[in-house]
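There are structures below to look over.
Note that subunit A is present in both complexes that follow, paired respectively with subunit B and with subunit C.
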Partner chain A sequence: MVRYTIRRILLIIPTFIGASALIFFAGFALPGDPVSAFGGERALPEATRNALIERYRLDQPVFDQYLGYMGDVLTGDFGESVLRRRSINDIFAETFPNTLRLAALAVVFELVIGLLAGIVAALRKGKFLDSLVLVSTIIAISIPVFVLGFSLQYIVGVQWQILPVAGLQEGFRSLILPAFVLGTLSLAYVARLTRTSLAETLREDYVRTAQAKGLRHSRVIGRHALRNALIPVITFIGIDLGALMGGAIVTETIFNINGVGFNLFRAIGTRDNAIVVGFTLIAVMIYLTMSLIVDLLYAALDPRIRYE
Partner chain B sequence: MAGTVSTIDPRNVHPEPGEPLLDVEDVSVEFHTDAGVVKAVTDLSFNLAAGETLAIIGESGSGKSVTAQAIMGIVPSPPGKIPKGSIRYRDRDLMEVPDKEKRFIRGQEIAMIFQDPLTSLNPVYSVGWQIGEMFRIHRGASRAEAREKAIELMERVRIPEARRRVGDYPHQFSGGMRQRVMIAMALALEPKILIADEPSTALDVTVQAQIMELLDALQQETNMGLILITHDLGVVASVADVVLLMYAGRVVESNEAYPFYEKPAHPYAHGLMNSVAKLSGSEKRLEPIVGSPPSLLRVPSGCAFHPRCPYALDPCWEEIPHLREIDGYSGVVACHFAEEIRG
Partner chain C sequence: MSDTQFQLEHSPPGVPDGEIGEEEVSERTASLWADAWRQLRSKPIFWVSISIITVFTVMAIAPQIFVAPSPATHDPFDCSLRDAEGEFQDRLPPSSEHWFGTDVQGCDYYVRVIYGARVSMVVGVAVTAIGALIGLVLGGIAGFWGGWTDNVISRITDVFFAFPFIVGAILLLSVIQGEGGRTLGDVVLVIGLFSWPTISRIFRGSVIQARGQEYVEAARALGASNRRILVRHVLPNAIAPAIVYATITLGVIISVEATLSFLGVGLQLPAISWGLMINTAQTRIAQSPHLLFFPGAALFLIIFAFILLGDAVRDALDPRTR
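Right after this comes the complex of A and B.
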């Protein structure tokens, strides 16, 4: 187990190097240069221009710039936004909590509604409730996020006026709609995954053994079947949480939430490469960490994994 | 090891040998599928007494495993249905008793072990947890008590180093040891009846013998009634008292084991005997039974065995033969021409 963990952690290093190089060089492939963008319409005085170039190492070859940047990243410094004159770390620290709250609530929706729907469907396989779950999840998967977002804003926010349309002014209440929109797609996947996995598990011999032991039906399902059936579901949700924590560009933008995705979207528009590269790198790190946790969790949930 | 018997549960008294335990009468089991009604078991009757070993023999699809499920009350429903018959355990009708009592009988009075011990054990719980669950759920034992009981049982089914291995998971055991775990779990609450559904089929030959010996020894200790479901005639010969031969969901022959082996009456039994290799005697070629077992969706008319029977005549495909006694044979047989064939 320890060796597996170490090997798994070491694997993160090449993945991170590859991802960071891709992101960094992609930023350079974009037309325009950040110093002229800083000046906007007016040309900058030569001295200012040189000072900026010097400060951001822009006179060095791309590869050296990358190495220099990565050196800073290793010390925990993700650079500085030229446009906003703030460190990336600061901007991230300010926006990440909003994204985190949104992601956490979205995962709660996935867990509660998705799992419940999946379990009910599996236990009533072929019956009305099963078909209802199958049809509604297909619809949920098919609707684009922005369509769902705008529709819910209009119906729930404008027509019924039960929840705020956008922004974060009303705390938890403000998060309900965007979190639901953000979680819908994964919720549908969770429901379907749970249904398939549980239906398959219910046919396993050890479920029959549990019945033969004279256990209550609820215990046969809950302790013996679900404990096995939920292993793939939990790993899916873990990976999904990793992805959601990296920022939800569409949802945060529609609902005007000052989160990682919202700022990333704005930075792409303003060519603020430092934010784009910095935020994406942090998102990659979060994702890699989550998938590491999920892998270790998987081994903890399924004792057979450790020895294979 | 024999001394550990009564420490499992001192309140539980073993039945006297010969005490009637189970009375199955006229039981039929059907499965209603999209393709039609599958008659898995038809008009099955038998008795089982304490200390007795009943072997139910048949090919795959002959209804022997469904019989076990019916007794345990775990026929998957839907699609399974038991349209008629009664299953009596001691003074209780298992089809009538309320669910709570059914659960009490299941596992505590009648226990079962299955064919494949790897898939029959839950992969995510330690074997100690799974054995101990019987004591925690049915006897209200604490975790620590349940663990001690589990170790005791593992020692009783002769799993080496039980104390060290109690926390191991099923995949860490060999096939034979897994089946011992299953047996330990089944015997946890001293059931009066143990149903063993092909307990040794998935194991290699030497391990098969060990498992059968173990079951035999445990039966000697506790006087439980043993229902042994198998297609392995060799296994049956060494342990069974009574033999029930099934074909296409019906019993076609039933007798005490010794006369059955010496000279069975049903052509299907002959076929089975001739298709088994023997160590002693002639160098006769093995004779397989031609054809394959019928689909239970479309059981042949009359005697279900007639398409494969070398002796089949007109009445065989017109009329279903019923179990009857014949002269010079101690058992019952369902064949129109049993006298002539055996003669």
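Right after this comes the complex of A and C.
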């Protein structure tokens, strides 16, 4: 396990270097002069201009800029948004809680509805309920998120008027609709994954043994089958949580939620490089961390993985 | 938390039901492909999805056939805010004259929805072809040769997995905007650039698996060249999962294009794309829900058909389900 852990952690390094370089140079490709953007409508005095160039290392070769930036990042400083005059850390600290709340509620939907549907389908394999789950999950996967978002906004918010359709003014109630939209696709995947995995587990010898011992049905399923069947589902949700930052762009835009995705998308539109690069980099870090945790958890839960 | 369907790494879920099974022993000589085809043919789901896909394919190639019976204009760019009597023609609800109503510019919505099929189908097919080509080549090389080649390719794949697909696509596409509008080709290339890693990873896995089989060793012992082993023995046995994934990807890519166009970084007016139509309509949905409904339903139908087809093909190609 120790060897596996070390190897797995070392693997992150080239990935992180590659992804950060890609982000940095892609951010650089955005047209526009960041220094004149700083002055807005007015031209900047020469001295200010030079000071800014020096501060953001704009006079250095791109590669040196990258190294300097990564040095700052490793000390926890993600730079500063020239347009908004605020540090990236600040903007992130303000917007991340909103995204996190949204994501947490989405995961609750995924777990409650997705798991339940998957378990029911697996236990009734080949029956009506199973087909119902299969068909509705394919339908859920086939509706583009922005179409689903607008449709629910129209039906639930405008026609029925039971939930707010934009912003975060009403606290928890404001989050219900966007969280459901954000979670739908993964909810469908969770349901299908649970169904497949549980159905396979139910055919295992140890489950049959447990049944033969005369254990109660609920105990066989809850204690013996589900525990093992849920390992891939947990993995999926972990990775999924790691992808939440890039993932919430559409939902946050439609529902006007001041989260990470919303701000990232806006920053791409306004050419606010520092936010784009900084936020994307944080997204990559979160993703890498989550997949590391998931892999280690998986190896701990399933010894076969470690010996590949 | 996939808000967008861009997390292509999500393993295509749900291994199918295993209720199929009456194989006749006398037909055991049939290959995997013949077997799979016989299975597919017997499934209504397969024919449903193929029919939907055929309809949309014809719509993309010859939209004239579909717009011919419409009583309104047959030209998607023939729009007028007022008619001859001076009546407003924008955002009319569906009627016997305008089957799907009209949009904010007074264009006939039915004709525009029909003409929108082309972009979706072209992007779906072209991107999947690019993604499959890159993915199969890289995954095949990595899986077959192994060693440091595999290491380098796998690390590159890792980088693309860690990079949020949608952010990368939005970033690249908004750069292109600076040079006088994005073309269909730009959109295809950018989405294609991000769509290969999953196919590559899947194919690498199945090549490694096929490479270790006894029949490959047997072929090698008989003196077969690397090339012959790869083409005759490994490829045919390793390609099935990649094909299944590519079919599902086609649906996902159509959704991606619509989403990017909706966000304003995909195709630009005057192009006709369902995502773009919803983008234009987004502030008027509460008053004119038909502006969302028709392009949304078209998107849903075509994506649904490809995902359904992928499911059916997987059922047919996976011998474990028999």
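Please note the rule applied: the second predicted complex is superposed on the first by the 286 of 308 C-alpha atoms of A that agree within 3 Å, B and C clash if a C-alpha of one lies under 4 Å from a C-alpha of the other, contacts with A are read in each partner's own complex, and residues count from 1 in each chain.
Rule of thumb we're sticking to: contacts are C-beta pairs under 8 Å (C-beta built on N, C-alpha and C of every residue); 3 or more make two chains touch, one makes a residue touch a chain.
Everything quoted here is computed from the prediction, not taken from an experiment.
> If you tally the residues of subunit A touched by each partner, is the higher count for subunit B or for subunit C?
Counting residues of subunit A touched by each partner, the higher count goes to C.
> Once the structures are superposed on A, label A:His224 by its partner contacts, choosing first (subunit B), second (subunit C), both or neither.
In the superposed model, A:His224 contacts subunit B only, not subunit C.
> Check the residue A:Ala122 against both partner chains and state whether it touches subunit B (first), subunit C (second), both, or neither.
A:Ala122 sits against neither subunit B nor subunit C.
> Check whether A:Leu288 is in contact with subunit B, with subunit C, with both or with neither, and answer first, second, both or neither.
second
> Quick one: is A:Asp205 in contact with subunit B, with subunit C, with both, or with neither? Answer first, second, both or neither.
A:Asp205 contacts subunit B only, not subunit C.
> Figure out whether A:Asp302 sits in contact with subunit B (first) or subunit C (second), or with both, or with neither.
Touch partner of A:Asp302: subunit B, not subunit C.
> So in the superposed three-chain picture, is A:Arg216 touching just subunit B, just subunit C, both, or none of them (first/second/both/neither)?
First partner only.
> Using the touch rule from the top, collect the residues of subunit C that touch subunit A in their complex.
Per the touch definition, subunit C meets subunit A at residues 1-7, 9-11, 13-15, 17, 19, 155-156, 158-159, 162-168, 170-172, 174-175, 178, 251, 255, 258-259, 262-263, 265, 275, 278, 282, 285-286, 289, 292, 296, 299-300, 303-304, 307-308, 311.
> Subunit C touches which residues of subunit A in the complex?
11, 14-16, 18-19, 22-23, 26-27, 29-31, 103, 106-107, 125-126, 130, 134, 137-139, 141-147, 150-151, 153-154, 158, 181-183, 185-186, 188-189, 192-193, 195-196, 200, 236, 239-241, 243-251, 253, 261, 264-265, 268-269, 276, 280, 283-284, 287-288, 291
> For a test of understanding, state which residues of subunit A touch subunit B in their complex under the given definition.
Residues 204-206, 208-216, 219, 224, 227-228, 231, 301-304, 307 of subunit A touch subunit B in their complex.
> So in the complex, which bits of subunit B are touching subunit A?
Within the complex, subunit B contacts subunit A at residues 72, 74, 103-108, 111-112, 114, 116, 119-126, 133-134, 137-138, 169, 171-172, 182, 185.
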